[in-house]
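Please find the structures below.
Shared chain: chain A. Partners: chain B in the first complex, chain C in the second.
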Partner chain A sequence: MILDPLILVTAGVCLLAGVGLYGLLASRNLIKLIVAMQILTKAAVLALVAAGAASGRINLSQSLAITVIVVDTVVAAVGLALGVQVRKRFGSLDAANLASLRR
Partner chain B sequence: MLFGLVVAGIILCAVLAITANRLLASAIWLAGVSALSAILFYMLGAREVAVIELSIGVGLVTVLFVFAISIAGDEAMNAKPLVPRILGMVLVLSLVVLLGWMAVPGFRTADPTTELTSTDILWEVRGMDLIVQVSLIFAGVLSVLGLLSEKILPARAAEKGGRS
Partner chain C sequence: MVPAVILLTILFPWTGALLVSITGDSRPRLQHFLAVLFSAVSGAFAIVLLLNTLPVWEGIVPAWVATDPYFSIPLGGAFGNVSFMADGLGVYLAAIAAVIGSLAILFSVDYMRGEKQLGRYYAYILLFIGAMTGLVLTTNMLFLFFFWEITALCSYVLISFNNDDPKAVAGGIKALIVTQLGGVGLLLGALLAYTVLGTYEIGVFIEKAPLAIPAFGLSIAAFGFLVAAAAKSAQFPFQTWLPDAMEAPTPVSALIHAATMVNAGVYLLARFFPAFEGVPGWKEAVIAVGVITALLAAFMALVATDLKRVLAYSTVSQLGYMVYGIGAGGIFASQVHLLSHSVFKALLFLGAGAVIHSIATRDMREMGGLGKKMPFTQIAFIIGALALAGIPPLNGFWSKELVLESGLVDGPRTAYYLMLFGAGLTAVYTFRMVAMVFFGKPRSEQHGHDAGLAMKISLGLLALGACATWLFTGRFGALLAGTLPLHSIHFLGVKELALELFTAKATYLALAVVALGLLIGWQRERLTGLVSLLRIPAGWARDSFGFEWINRRISAAVRGSAGGLSHTQTGQLNWNIAGILLGLVILLILMALGS
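Showing the complex of A and B:
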């Protein structure tokens, strides 16, 4: 039996979201955290497009996916700028070193 | 078959991006994830999104990452994660199972509906969204400028004032 492509893509979306969440949990490097967030967003966009292809409304899903991609890029740019500033002020990219937020 | 190969490639690139020790390698594997998902978008029939993903995801975001890594330094970090590894694995597994359980009832036979073209949807139905997006891009640019701009020291400011 040949697997339906959409089922394959959906399984891939679930696994990709799992990989992204594991990266968010396991990493302490600020730039690595943004990489993990990008992977999670990629899974969301893939899920949108797969849902559009499954329901026959690919154009509606495309317009939503474009919004997600734009917002995601802005978030990545601001996050990377924040990471660079943290490196300048604290001397390291380790999220655990931001102790002044904890106290 | 081709779908399976592309999906497997995306997962492999994502795992390598998470586990890579060097940040630069991590950014390059992320670009691989973007490129392969652009191929997948094209195969699913979403051509506009494929082009935008290819130009923004592979081009712009990778350039942003390389720029940030070149400023912040590519330090290898092997510190222990804050969340215990077992707990993380359990959380991730439960997320994957939950997502799969929620996604499976979504498969129904699609009834062909007459649909607007994507430009019509984007510019007419969702015009408000576009305005919000444009203002969001402006806000993003302003915050990046604010975060990355250097404070002018008083001595240098006086020097500048004296020169002009």
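Showing the complex of A and C:
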């Protein structure tokens, strides 16, 4: 049986997105949340490249993918910096502490 | 040349705003100077634009001047082009905004001397002048909306200028919320036009909308615009924000809340009149809004005791006259009244500002007998008051008669008689106001002094305007008729106007009503029997006919529901993610069902 590469890539996107979403839903540790978000973003990058390959506009999709990677790195950096602050102020990395920001 | 002048009129005040901010509050003299300079130059440009527009349209100017009155800067995106056009409605309102703006700023040199944070004050006034000229000159509905919101923002900031006074802050927020609500109607109309016609150009909309847009969509746009206009011009049922906006420094009230920004709603209705004329019920709704507002506000002006609030109610009432004029199809009449009202109401507000500056209270019960201490202000104020009451030969007489006449010819009779009654009420409250402030015996210890030089210059120029602007009625009508082919404008020159007004019976009827009003105002002390009879309705008027209560209930309901809904915000990240996922799933299901 020969698998269509597009189907393979789509399966990969779904797998990565599933792992990322599960991590975001189930975890309360800030570091784990950032890792899960990274995985979710990688699913998006993969989907962008696959979409470009499928539609024949690979230039556009590659430049978008690069943009997403750059933005994603910045998000991760800021998220980790916030994590450091949370650890300093609350003494733990539990995201549930942040509920006190509500008020 | 026209594009350059348009851009300069808009950008000059904005540059001034920037420079005043950069100058910093440690150099107030330079700030005063810069603000006066930039607003005056912008006013000069607006007048140049006004004088050149008709020749450009008729093509009778030298080749180096003659350009298309329309120009646009492509943005290449979903916003359409930034386009401007010099036509009768636009250039004339731009001239009002820029010229009265510069006079208000000149007045501020005396009024605001020694105040802190002048940078904030002048920067927002200049920003406002630029936005107002942009609002009336642009032909892109989306940019019309942007300029519309910039003026609302400036109005909010300037009402709350004394931001350590809770009343000022509350008044500013109220004005902002009410005008924002109206802005939604404008945005809705603009987006609807874009979806159907594929362009934001106002000209295209006016020309094609009655045929191209389905009746239901067009009536949504028409009533959306009516809501926007009513909110901006403080018309029924949104009239409550304007009196509370009187916490602003008085030159701001004169400029924004009497002469220019509140006219934006009237401008909007006049501009889009040909597009919505045919919508069933729209003209009747406009007339009803105008009549109800004019009468309610006149009653409230009759019982108010705060000098600036009396003027604010009177502004609302006069705006009602303009809206009524538009509903009856009298675009020309309503625009002439707009000009007259801008001039004499700016004069009245600045005169009130001189009084308030001099004796440091706004309560008319503590005034009285001020005429001896401030003779110049008294004369200027009385000229404005007579124009407001509609006494010939001042400009208010001509324009009010024009509005009433177009209402008599094309509008329902009942509305006409109600508006005639309103003219009588105007005379009563005007007389009461002047008598309480300038005549009689002083009711408290005051150390009044007359206005300063800068104040006198602005007051004098405006008083001159109140005596003379009606002389330009004919030229202005020609300008409107020549540049707005779709509005089917019938205008009269000064001679025909005088002939028509002085031979019509309706004019003498209106004058008799006004005279009766003045008589009642004069003899109000002897009419105590009548006054005590009217004590109950007067109480209603003092409570603003229950509208304040409705406002408080609405804001309490919003607060309550917000408090209730805040329980859904757990602050837990995982729950938020679950919510996002749920939304995604619902979206996917909807898309699957749709395809």
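Keep this in mind: the second predicted complex is superposed on the first by the 100 of 103 C-alpha atoms of A that agree within 3 Å, B and C clash if a C-alpha of one lies under 4 Å from a C-alpha of the other, contacts with A are read in each partner's own complex, and residues count from 1 in each chain.
Basically, contacts are C-beta pairs under 8 Å (C-beta built on N, C-alpha and C of every residue); 3 or more make two chains touch, one makes a residue touch a chain.
Just so it is clear, the model here is predicted, and its values are computed rather than measured.
Asker: Using the overlay on chain A, decide if chain B and chain C clash or can fit next to each other.
Answerer: fit
Asker: Just to be sure I read the superposition right, which of the two partners does A:60 touch: chain B = first, chain C = second, or both, or neither?
Answerer: So A:60 only meets chain B here.
Asker: Output check: A:51 vs chain B and chain C. Expected answer is one of first, second, both, neither. What do you get?
Answerer: First partner only.
Asker: Using the touch definition from the top, say if A:74 reaches chain B (first), chain C (second), both or neither.
Answerer: In the superposition, A:74 touches chain B alone.
Asker: Give one of first, second, both or neither to describe whether A:5 is in contact with chain B, with chain C, with both, or with none.
Answerer: first
Asker: Minimum Cα separation, chain B versus chain C, post-superposition (Å)?
Answerer: For chain B and chain C in the superposition, the minimum C-alpha gap reads 6 Å.
Asker: Which residues would you name on chain A as touching chain B in one complex and chain C in the other?
Answerer: The overlap between the chain B and chain C interfaces on chain A comprises residues 21, 25-28, 95-96.
Asker: Within their complex, state which residues of chain B touch chain A.
Answerer: Answer in residue numbers: 3-4, 7-8, 10-11, 14-15, 17-18, 23, 26-27, 30, 33-34, 37, 40-41, 43-46, 48-49, 52-53, 56-57, 60-61, 64-65, 67-69, 71-73, 75, 77, 79, 81-83, 85, 88-89, 91-93, 95-96, 99-100, 103-104, 106-108, 110-113, 115-118, 120-122, 125-126, 129, 133, 136-137, 139-140, 143-144, 147-148.
Asker: Touching chain B in the complex: which residues of chain A?
Answerer: Residues 3-23, 25-29, 31-32, 34-36, 38-39, 42, 45-47, 49-63, 65-67, 69-71, 73-78, 80-85, 87, 92-96 of chain A touch chain B in their complex.
Asker: In their complex, what parts of chain C are in touch with chain A?
Answerer: Its residues touching chain A are 569-574, 577-578, 581.
Asker: Quick one: which bits of chain A touch chain C in the complex? Just the residue numbers, please.
Answerer: 21, 24-28, 33, 95-96, 98-102
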